[in-house]
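The next part holds the structures, each set out as structure tokens.
Each of the two complexes below includes chain A, the first together with chain B, the second together with chain C.
== the complex of A and B ==
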């Protein structure tokens, strides 16, 4: 297994796009997070103490953007091999396909989680520095944002896990579909188009059900630190829903990868 | 590989050459089963998601007690303080508005003639406002602008049959006509008087996916003097009485030294709910968009993947023309597919939405050919087509499918998700500056900040125009980079 892992790691790090995408996961997460935090101040509320802003969640807005780079990285890690025909050599060298998939999944997920941890931690630290100057001060009833705070740590660590699960789903979907454009469109639809539908459906009952069962809307409840009693699904349960989808697509991918011709 | 040099053909042959180029690009498009299937999938996805969105939507706008409907059956606001007496037949009334509080930009103080005091009855009114100058309004939708200026102001309203004409003057000597409005259904004996209204301030707050709209009452106050009625059969102003039309509970009337002071709150005008059933019925286009982007990017990048581009450019060395032909083919195909999807989606979702409460009077019946509905349906197809052209240009620029698809999806969809988590001010700027604002073309109603959909804050053409600007710039960059680089 360690040989498979080393082979997969060598393939991943020698593709030039990988370094760019890792930088994008970190940079995009950080950039959008900082922009979102900087655009909100207490002046838009009737009084500074009534903003009801979830500052931890706001600081993690960048995950919405970083997840795109994660999806591209995960999809390309699989489809590049199919496009170039390298997959035939890979499977000739290590005939156990489940082991190849496991190795690839491990390498991609570990890379993404490491990058995500940097981007997420940086976002929270940057937000902690910016928020007080926008009026979110302890005097106005907003605790200083800090990773030492239990719910904030859960939101941040959960966001890293969320991006890791996005990577798992990306690898699985790409293994099932094999074409770059089709796999990426499927992944981006799940990550961006479905949350739009969930957000703008107006019937409260439908909205609650959709929020509870749509992969990325449920998964991102892990970022909530205020108003938990009003959430349609609790943070860890929401991340669990996303993990469920990741598991199901992964099993399907393993079954297909095992039974299909290389191509 | 050998290269043959050919002389540049004369102009007439070049036109025929572009026709051939179009046919060549069309042949490329239709001969790839995956792309044709992708377009069909975009139509199916758009219709299915629209049906899902319609099933998941509902409204209680028709369940509110005391709905006020105007002469055309739509919902209206009709609340103000009215000091009035009956007048039979033709006649005129003159008043000097000596002062008006700036309680709201659109606070109103002036003269009105109305069919009784029941909210929703027909009227014509001439008024001064703190920020919009002198206005002559009638029937809840007619609005004629007079000159700029605030109180003190002389106003005169003249009734002749069902026609009402307004005049205004700064000094009571030089008079200017504001305009004439027709008030069909104004009875022979109508209530004539002075009125004061002041619309509520709307406060919108937006936090992580939820929008709350609060209304704060404002109280308008104005003073009137030199009231004079010139009519054969009218009650004199001294015997007028005050009515709190629409029961706002804030009105008051006092008279001291010939000056009439009136306070009142409320608004007069159309008051339809912000929700837009046509837009809900077209919602699936957001998901269909994803497929369109992928197909359009592949239409560009697959030429590079298979080095087909060398053959293409060997046949037609004019690279700009090849790009134009590609844009016309992908834009045209997407427009037709989008139109089929939009018409089908609107027609299929209509009965679902009516059952969910989107019916008269809050939501008047509309036909597919009503101006705003037609704009929304054709605009949806046009939006998809322009996004396809943007995606094509991105594909040519990057020569990389994954990068181009992701970039365009992020440009079009991500701003919506981010904006809906930010306060209204920041959200509105995001909608003005990104192609995501183009979704506003799907709305049939006026811009509003009161909805969770952030694109509702911009007008239909502002949003669509920004998308076109992005597509134009991307096409220009693509054309430049095609000319400047190796294949």
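== the complex of A and C ==
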């Protein structure tokens, strides 16, 4: 296994696009987070104390954009080998399909989790610096945003795990469909189109059910630190739903990868 | 581990196409075995099955007596060049070899060695996407040699190479076999193998046409015929045919004569006052022998089977 891991790590790090995409994961997460935090001011509310803003969640808004870079990174790590025929060299060097998939999954997920940790921690720190100047002060009833605070830490760590699970799904979906365009379409549909479509469901009961079971909507509830009673699904349970999807697609990917001819 | 390849009763179907149909042959150590057949005959499919990339519907392919997928570090047992274009365009050539070495538990030093062996020192730090076809072939051959394997397979290695590259590969293949390795090299052009292979496995439509030595095949195809060069080709052909020979024009002034010994051909031409500049024993080219062979094989024709290669 360590041989496959080393080989997969070398493959991932020796392609320039990996470094760019890691930078994009960090940069997009941070940039959108900062933009979201900077755009909100207690002065916009009738009184500073009635904003009812979930500042932790607000600071992690960038994860919504960072996940696109994560999906692209995970998908490309798999599909570039199918596009070039390199997959045949990979499987000739390491005939165990399960080991290759496990090795690839490990290096991609660890890379994404490391990048996500930087982007998420940076987002929280940046928000902690910006929020007080926008009126979110203890005097107005908003605690100073800090990773030492339990719910904030859960939201931040959960966001890192969320991006890690997006990477798992990206690798699994790409292993199943093999083509870059098809895999990217599938991954981005799951992440963006489904939550968007769910908003157009007019029946509130149905909408809540769908939000509870759609992968990204459920998974992102891990970021909520206030108003938990109004959520369609509780934070850890929501992340669990995403993990369930990741597990199922991964098992399917492993089964197909093991039984198919190298294409 | 024995250095050989054994293919037994192999059968593989892709959709409605039967790519390999009950194929059996062996590739012994110490010589270059040519694997010949028209495009679509099933050569690449067979090689992919030997490498455990595609699973056969029936039959087995063994390398040194073992199935490829059961090998822990297969690149130390079998080196293969299937498709020189199968590289990530923006990965440096040295890194391409490095991950393969790591997957096989080989030291980094081995990467530098094979780079030197194929003469890619100056290009090793460049992305493989900018390589010419010849450089990619060299990179692919470096990858095949990485594990110093006793068994080597090359799929159409001279495709698209310049004469220097072709000569280099021929010499390399011969020297690898001389070191006692089993070398299987495929081609859809017989002539490419004429100076390289000792032994031939000829297939068509996924089936074995013949397994023979190059010498035996050439001798059989030459069949005691006589090559004649004369400025009076038409008259000569009439005279010789009248004497019971089978004649075939091979050029404006050249004729191949079968069924008559050389002395009789000379005597007949002299008797009729027909001048000639050359009479010699005909030496068939491998290409000719191949055509002869596939004609004899009856149902086999050189038509490509669609969808498989």
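To be clear about the criterion, the second predicted complex is superposed on the first by the 262 of 263 C-alpha atoms of A that agree within 3 Å, B and C clash if a C-alpha of one lies under 4 Å from a C-alpha of the other, contacts with A are read in each partner's own complex, and residues count from 1 in each chain.
Methods note: a residue touches a chain if its C-beta (ideal position, glycine included) is under 8 Å from a C-beta of that chain, and two chains touch if they have at least 3 such contacts.
The shown structure was predicted, so the numbers you read here are calculated from the model rather than taken from an experiment.
Trainee: Sharing chain A, do chain B and chain C clash or fit in the superposition?
Mentor: These partners fit in the superposed model.
Trainee: Given the superposition on chain A, what is the angle at the CA centre of chain A with arms to the CA centres of chain B and chain C, as a multiple of 10 degrees?
Mentor: 110
Trainee: Contacts for A:71 in the overlay, against chain B (first) and chain C (second): which applies, first, second, both or neither?
Mentor: first
Trainee: Could you tell me if A:170 is touching chain B, chain C, both of them or neither one (first, second, both, neither)?
Mentor: Touch status of A:170: no partner.
Trainee: Scan A:92 for contacts with chain B and chain C and give back first, second, both or neither.
Mentor: Only chain C is touched by A:92; chain B is not.
Trainee: Pick one for A:192: touches chain B only (first), chain C only (second), both, or neither.
Mentor: first
Trainee: Touching A:15, do we find chain B (first), chain C (second), both, or neither?
Mentor: A:15: touches chain C, not chain B.
Trainee: Residues of chain A touched: more by chain B or chain C?
Mentor: Comparing touch counts on chain A for chain B and chain C gives B.
Trainee: For A:52, decide between first (touching chain B), second (touching chain C), both and neither.
Mentor: A:52 sits against chain B, while chain C stays out of touch.
Trainee: So after superposition, what is the minimum Cα distance from chain B to chain C, given in Å?
Mentor: The answer is 11 Å, the least C-alpha separation in the overlay.
Trainee: Taking the contacts chain A makes with chain B in one complex and with chain C in the other, which residues are shared?
Mentor: Comparing the two interfaces on chain A, one with chain B and one with chain C, no residues are shared.
Trainee: What residues of chain A sit close enough to touch chain B in their complex?
Mentor: 32, 36, 39-40, 44-46, 51-54, 57-58, 61, 64-65, 68-69, 71-72, 75-76, 180-182, 184-185, 188-189, 192-197, 199-203, 206-207, 210, 224
Trainee: So in the complex, the part of chain B that touches chain A is made up of which residues?
Mentor: 49, 52-53, 55-59, 203, 205, 207-209, 275, 280, 283, 286-287, 289-291, 293-294, 297-298, 356, 401-403, 405-406, 409-410, 413-414, 416-418, 420-426, 452-453
Trainee: Mind pulling up the chain C residues that touch chain A in the complex?
Mentor: Interface residues on chain C, with respect to chain A: 48, 51-55, 68-71, 73-75, 78, 80, 82-83, 85-92, 95, 98-100, 102-105, 143.
Trainee: Can you list the chain A residues touching chain C in their complex?
Mentor: Contacts found on chain A: 3-4, 6-8, 10-11, 14-17, 80-81, 84-86, 88-96, 261-262.
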